[in-house]
Amino acid sequence: MSNIIIILAIFGWAILTYIAFRLNKTLGNIFVGLIAVALPVYYFTYVPEDYSFQVMGLTLQFGFTSFSSLFAILVVILGALTLLYSIPYMNKKDRLGWFYLNFLFSIGGMLGILMSKDFVSLFIFWEIMTWSSYLIVIFSGKKVNKVGVKYMVYSAIGAYAMLMAIVLINKWSGTTNISHFFETFADYSNGAKILSSLLLLTAFAVKSALMPLHVWAPNAYTNSPMSYTSLFSGALSKMGIYGMALVAIMLYTNTGMKFFGEALAWLGAITAVLATFWAVFQTDIRKLLAYSSIGQLGYIAVGLGIGTELGVMAALFLALLHGLFKGILFMAAGAIEYRTGKTDFSELRGLIWKMPVTFFSALVAIIALAGMPPLSGLISKWLIYEALLSSEHYFLIILIFLSSTAAFLYCFHFLYGVFLGQREDDIEDVKEAPALMLVPMVLMSFGLLALGTFPGLIFKHISSSMSYLGFNDVTWEMSVLTNEWGNKIYLTHLNTMFMVVFAVFFVIITLVARKKTRRVGTKDIANAGEPILAEDNYHFSQDFYKPFWRVISPVMKYRIETFYNSFANGIGEFFQFFRRVYTGNGQTYALYVVIFLTILFIVGATLI
Amino acid sequence: MSEVFFRTKDLSTINIMNEQDILNKILDHFGNKVTGNVKREKRVELFATTNTIEDVLLYAKHQLSFIHFTQLSCVDWIEEKQFELVYIIWSPESKVTILIKVRVDRENPVAPNIDYIWRHANTFERELREMYGVQFEGLVGAQDFILEDWIEIPPMRRDFDTAEYAKKTFFDRPGRENARDVRETIRQNSGEEIPEFAKKYSR
Amino acid sequence: MVADPILYVALPLLTAFLLPIIGKINKELIRIVPGLLFAFLVYNSIALFSKVSATHTPIIVEIAGWAPPIGINLVYSSFTGFIATIISVLALLVWAYSYKFKKLEFDNSLKYFVLLMLVTAGSIGVILTGDLFNQFVFLEIVALSSYPLVAFYRGRNGAEASFKYLLVGGFASLSILLGIVLIYSQLGTLNMADIAAHIDEMPRNIKIVSFTLLFLGFAIEAEMFPLNGWAPDTYSQAPGPIGAVFAGMTAKAGIYALIRMIYTIFDFSGAFEILLIMGVITLVVSEGIALRQENLKRMLAYSSLGQMGLLMIAFGINTKTAVIAGMLILFNHAVIKSLLFLSSSFLVYNSKDKLIKDAYGMGKKLPLTAILFGIGAFAIVGLPPFSGFWGKLYLLMASADANLLGLIALILAVSVIEIVYYFRVVNGVYFKKSKTEIEVHKPRWNASLAMIILAAAIIVVGIYPNIIYDYLVNAADTLLDKASYISHVLPNLASN
Amino acid sequence: MDIWKLLLTGSVTTVLAFVVGMLYMGLRRKITARVQNRVGPPIYQNFLDVMKLWSKKSSINHGFMQHVAPLWMIATSITTLMFIPILNNGSTFFTNLTFEGDLIMLLYLMVVGSLGMALGAGQTGNPNSAIGVTRGLTQMVGFEIPWVMALVALMIQHRTTTVAGLLDVQVQSGTWLMLSSPFAFIAALLAIPGMFRYSPFDIVGAPAELASGPISEFGGKYLGTMMTNGAIFAFVKLTLFVDIFMGGASNLGFLLLKTFALYMFPVLWGLVSPRFRTEQAVRFFWGWPVFFGVLGLIQAAI
Amino acid sequence: MVNDKESQKIVDIIQNFARQSSLFVLAYGTGCGAIEIPPTMTSRYDAERFGIRGAATPRQADVLLITGYLATKSLKRVIRAYEQMQNPKYIIGFGSCTINGGMYWDSYNTINRLDMYIPVDVYINGCMPRPEAVIAGFAKLQKLIQAGKADGWDRYQKNLEFYRGNQKKIIHNWVMPDYNW
């Protein structure tokens, strides 16, 4: 019972929070703060119990598995931190009660998905999550149709694919129990195997924004408030990964249908490459991060697709890690938006002087995102490469490498465009973000730092959850990574070495000519002797990667969005034709009746 | 004016005219507002006023195919208390250069802006504004063009004494007065020999 | 108090005739008396329905004491009772909603309530009766009272819509009547159970012809494509609550007649397929047309036609799950579409053309109505935890059981289209700025209460559908069990 | 791991790398001069340059990131150096941390410096620096692909991801990998000039166009650190390449010989090439080098 | 660090040696003298053998080479470039225009004596001086540096008032940042 209580409590609390906000803003904020604290505390202390009941002749079952609890950790931690972050971030806006209602509903929906043991309850919570996130996507009231409805339509396509799979599974196996489905999956006919797995993969691919179905993601991530986007990209998209992992791995272990895994891996790789390329050319920080999210989710799909032990480990590790660093980055973007009201690269510059803490959190996140030592991103990248190498995916690894190298481009663009470059007078009154916004970012940065040297902290959970997926005896060490060929890297040595050399040279370079080292303003630059006037700003923000664009533009011209749009228009036009049937003329209608009668006679005479 | 402006003649149909024809055409068209003479071969001189100069230029450009604006210069007739603006245009058809001279008052030098006829006239006008102080009505462009922070009278006016100004503003190096070899002076001042290899190449 | 199926028909008819006289006593009574009547009908339904679902045997009432093959009888089974309950509750809510309707002056309200009662009585009569000709009569009552309701506002458009309805409805009546005549000429009986028992005796040709004629007539009332040309006009021209009445009552009566004919009277197995195919066509075409509608009422009307298509599909599949799904959809359609019609009529209350554009920006001005409309939209596209979801799920499960994979995909694709046009409207209501200044008409407490009850029903059933699940199973059993229907109505026949 | 021994051997390796790298760069200047019919600076000229830069009496920075950017680079270079086997004869003196990392890690470790540089350059506020960085990163996307293709081919073929493992393969078989996997070698070799950013791939820091690009605001001790880093990193890259493709070296003499021979390739190529624009450079790398990389992958797969 | 005077001397000698043998030149190529720089640096005269090479920006440069006349407008840029260089830094005035105005001695717009505005360590005379003369000038500068006498940067720092006064005399609209070391 205690399982379902956590969700019902969240939904109930959501409504209470709504009421509290109607009464008083401060009271509402207190309610939000309370649940942000209570959620992790409750989650990490309660004893899980299974629970089931009957609805409409269907059995709904609830209970965490060792696999889903891994994601639940992410949801709970990120949910709590984003809630805390939201309190100052959203403070100036209206309709807060509505916002938090949906916020908590989507957290509840996610936890519900994770604790659903049957498909129907999974679907119900999936849809609750979808519409609550949709309501937040359109919360700002901007681009509601262009972005919001698009998001809802793609989500619906995914969800309905899942629904179709559910009813088919229900028919084939007589129950909607998830584990029963996977156990009996091997007995299905080939068509059933392919159909059900394809439908489920489609469903989960939409949420995790895999390539042909990613179209909604950039705009939806951009349009929702940043405090929610942290959760959206960090945790909500992981629900797709959760389902995809289940399906992909179960397919592998039960049937050995390698083709699906390969296809998934290739899709993931293409997603990673194209999304990264798009991210490189974005001019809005939120969009950049959104495309980057899609790319990272592509990596995860690759890891799941190859389906070896290292691959799945990499995917799960990256899934958690992505929650952390993309959480930080979206929060940083939110902090910038909160303080300056701008998100476009052409308007932002030099914020490191004003928001150093935000900068260093973002820097840590970016280093992790780019996969550089000494942070934890290296581990996820390393695991993916080693998995690809040992499973001999020659070309996938090249694609992934292309993507992650191109990722440096947007990483630099983000840091430079926002934080570095010349200072401008209009940021003079910008202040560092409020403490409550910084705390989540800094906490997560520490998490990234710790995981960079001691990934074992999270490998512990991953190995136990991988046993659920059929990988028993996953070996892991606190800070040593081993690939399938027995090659190891010692993270402690690597990171200590780096830090020590860094520290030694830091001392040297700081001490040499210390008294004669001056810090000058960013307008004091070597500019062919021309002094930069107060009204000038030489920040580089236009056509940032023009040469790169010239190289890859032949490929990037083709966008799948155009195809989708023309398809949708085509449907509209097609039904416009039918609209002419309803002429509005009574005689025509009478004629229809006669014609219908004639046809019915003919059909009836032959058919009945 | 707009009539003239928009009705451009097809260049291919124009007969190649000599200097006298051009002069006659202009004088016929403008009557007594413009005077002029043929100075020498391929060169026509016209005298216009600030009121007629735009019409003359437009007429010459669109009717007589003087499509090339060569230069706009200025002469300081300080004795007559006048500036003379010289508009130089040239036709690729007849290969004739026309100098159109316009006198403006030196005390209040104002002339019409013609950079809508030729875009690059803007540059000449800004230069004249800065160097002579001639004001062109409605001229757009930064005030500081070549000179920065100039606070004296415009330097190309004849009443501006540039040597005196240089003496006053910049520092003269002693020894500049006679025409002695500089190396001699340096040797004298610092007592240093000219290096051997430098001697080889010295005159 | 007494509870009897006969009261469903008798009381409203009686009250309808007495209402002008009552109005002479006190004008306020004109508004109050129908309410009392509808409240009684609701009580009647609950009492009867609990009895039926407890005993699992239908209540059969023989009018004037004649035994069924000869006399007219009313059959109140789990199936018919369920629909009758929905209709009566809906009638009560519509009354509550239109009590103190602004445009209802004394004369108007008299007409309005009389017609409302006639429609209710007719609809319930169609559902309860066990006699084919009697069903025709009730259908005519429904139709005849619907025509003036459509033209209630006396405008040119209303008259035109009403005339179209009249024209097509005339065809329906004619064709039903012909069908009945044919059957009577062959079998000499009009009782449904009796016909069903002796349908084998009919010559095949005449059976087909009569079936075709009846099918055509009922299909017109059930708004089947392409016979539903009248429907969008009537929905959009009638007063707001009447849209709900059409969607919740008359259309239900039509579809019921169709179902009863196909399930019970005739024994054509191909009929189900025809129903299924026509349902699919109706669904796809109507929803597709709704996609680009600019008129809010018409959009809702086309959506309603689509729902009718869904119903036809559900009953066309002809399995138990499918019938349960059909009942659920019937319930959802009645509740949700009524809510949508009722709330949308406030959103575009003072607008002349009832365009979607005119509802823009109403989210701020009419917060309650807008949120209720939003709930309706969320429910009708089948998002959990609203009741629309269960209907859709069951329909899909039924299609899956019948191996209709393409149908599943089609229904889901149409649902996506539904999402597009409904969410556009909801977004517009909340986030777009209205270009023209339209005076806002706020719902009174009675209207709000009616809508809130509907919304509450949506949410409650959505969260805990078990409360109606058992009734649905009973109803499905009852509908599918043709033999027991015959044996209940004609106990003598079985013993023969 | 004996930490004191690591300290000793690590320092010696670093000094070796510094000296060799500096001399190579001096040689490059000398060779360039000779090719251009000049006398050229003395071979030790770069030591003087670094000394001069370190003895500058003042230096400026534009903020913390610029202050730490050179450190970031040099820490990267030295850390990378520690993970690269200098000799292939199992000499414990130059082992350092060789067996505690692998090639994938090295690939990522080697770009950390670029990020540090990029951030430092970004904070200076000089647009030329940022433009240079974008060009550098773009070019990196170009040359990393053939380079990684070559490495992947070798790694999968020999089923090891460590440099030491690849060295062992060559020592045991007695054949250099450049001979047994010629296509991978060609792909990697063509990527080398890009890594060194020598002409024709020197648009990143083109002095006349971009005022030396990313380093345009670095002077004094910062520039000195960067030049030091450049020397060490050049040695790192050359040694890594020699280890992977040319069988490593059993003593320092061979090491110098092989690395010098390898170093001459980008130097001499650069001498006779004009400058590529950024997109031309990327197109170049994604052309023939990638083609050879694909051939190498196919060879490895077969 | 090293406080002892004797050892400081040794350090100075070493440092000065490094400084004199590695001169990064920022060429301020305004006048006609700029055309003399390419032959100086390329194969005919090859200044690189003395450790002289070009620098792209003032931050990296040691020597500011002013090749010819300076208009008042370009003087501003020269001062700016000079102030951005890192100590120790040297200036070579190149051609007679920098010495006494040369042929522009009476122009309203070109300065006459460069050393009144920024501290010049070495003048190379001639109009224009040939590359040999340029290299001779550099050799002279190297000698001065080794002897520790090339202290123009120090003079500038100490007499900043004087130089600023002269500069501001012709640059009326003073928008430059302060010289802060």
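Residue numbering begins at 1 within each chain, and the chains themselves are lettered A, B, C, D and E in the order written.
By our rule, a contact is a pair of C-beta atoms (placed from the backbone, for glycine too) under 8 Å apart; a residue touches a chain by one contact, two chains touch by 3 or more.
Bear in mind that the values here come from a model prediction, so they are computed numbers and not experimental data.
Trainee: Starting from the defined contact criterion, work out which chains touch subunit B and subunit C both, please.
Mentor: none
Trainee: Enter the minimum step count from subunit B to subunit D; a value of 1 means the two chains touch.
Mentor: 2
Trainee: State the pair with the higher C-beta contact count; candidates are A-E and A-C.
Mentor: Of A-E and A-C, more C-beta pairs in contact link A-C.
Trainee: Return the chain label for which the distance between chain Cα mean and whole-protein Cα mean is smallest.
Mentor: A
Trainee: Using C-alpha centres only, name the chain that sits farthest from subunit E.
Mentor: If we average the C-alpha coordinates per chain, C ends up farthest from subunit E.
Trainee: Can you tell me which chain lies farthest from subunit A, using the average of the Cα atoms as each chain's centre?
Mentor: B
Trainee: How far is the middle of subunit A from the middle of subunit D, if each middle is the mean of its Cα atoms, in Å?
Mentor: 36
Trainee: So the centre of each chain is just the mean of its C-alpha atoms; given that, what is the distance between subunit A and subunit B in Å?
Mentor: The mean C-alpha positions of subunit A and subunit B differ by 67 Å.
Trainee: In whole angstrom, how far does the Cα centroid of subunit C sit from the Cα centroid of subunit E?
Mentor: 97
Trainee: Residue numbers in subunit E touching 2 or more other chains?
Mentor: If we look for residues of subunit E contacting two or more partner chains, we find 57, 59, 76, 87, 181.
Trainee: Pull out every residue in subunit A that's touching 2 or more other chains.
Mentor: Within subunit A, the residues that touch at least two other chains are 516, 518, 520-521, 523-524, 526, 528.
Trainee: In subunit D, what residues contact two or more other chains?
Mentor: In subunit D, residues 56-60, 211, 216-217, 220 touch at least two other chains, as defined above.
Trainee: Can you name every pair of chains that touch?
Mentor: A-C, A-D, A-E, B-E, D-E
Trainee: What residues of subunit E sit close enough to touch subunit B in their complex?
Mentor: Within the complex, subunit E contacts subunit B at residues 72-73, 76, 96, 99-101, 105-113, 116, 123, 125-126, 130, 132-133, 136, 139, 166, 169-173.
Trainee: Which residues of subunit A touch subunit D once you look at their complex with the stated criterion?
Mentor: 350, 352-353, 363, 367, 370-373, 378, 381-382, 385-386, 389, 392, 394-395, 397-398, 401-402, 405-406, 408-409, 411-413, 415-416, 420-423, 483, 485, 487-490, 493-494, 497-498, 501-502, 505-506, 509-510, 512-513, 516-528, 538-540, 544-545, 547-548, 550-551
Trainee: Sort out for me which residues of subunit E touch subunit D in the complex.
Mentor: Going through subunit E, the ones touching subunit D are 14-15, 17-19, 21-22, 24, 42-43, 46, 48-51, 53-57, 59-62, 85-88, 181.
Trainee: Can you list the residues on subunit E that touch subunit A in the complex?
Mentor: 28, 57-59, 76-81, 84, 87, 175-177, 180-181
Trainee: Quick check on the complex: what are the subunit A residues that touch subunit C?
Mentor: Residues of subunit A touching subunit C: 54-57, 120, 123-124, 127-128, 130-131, 138, 141-142, 144-145, 148-149, 152-153, 156-157, 160-161, 163-164, 167-168, 170-171, 195, 571-572, 574-576, 578-579, 581-584, 586-590, 592-593, 595-597, 600-601, 603-605, 607-608.
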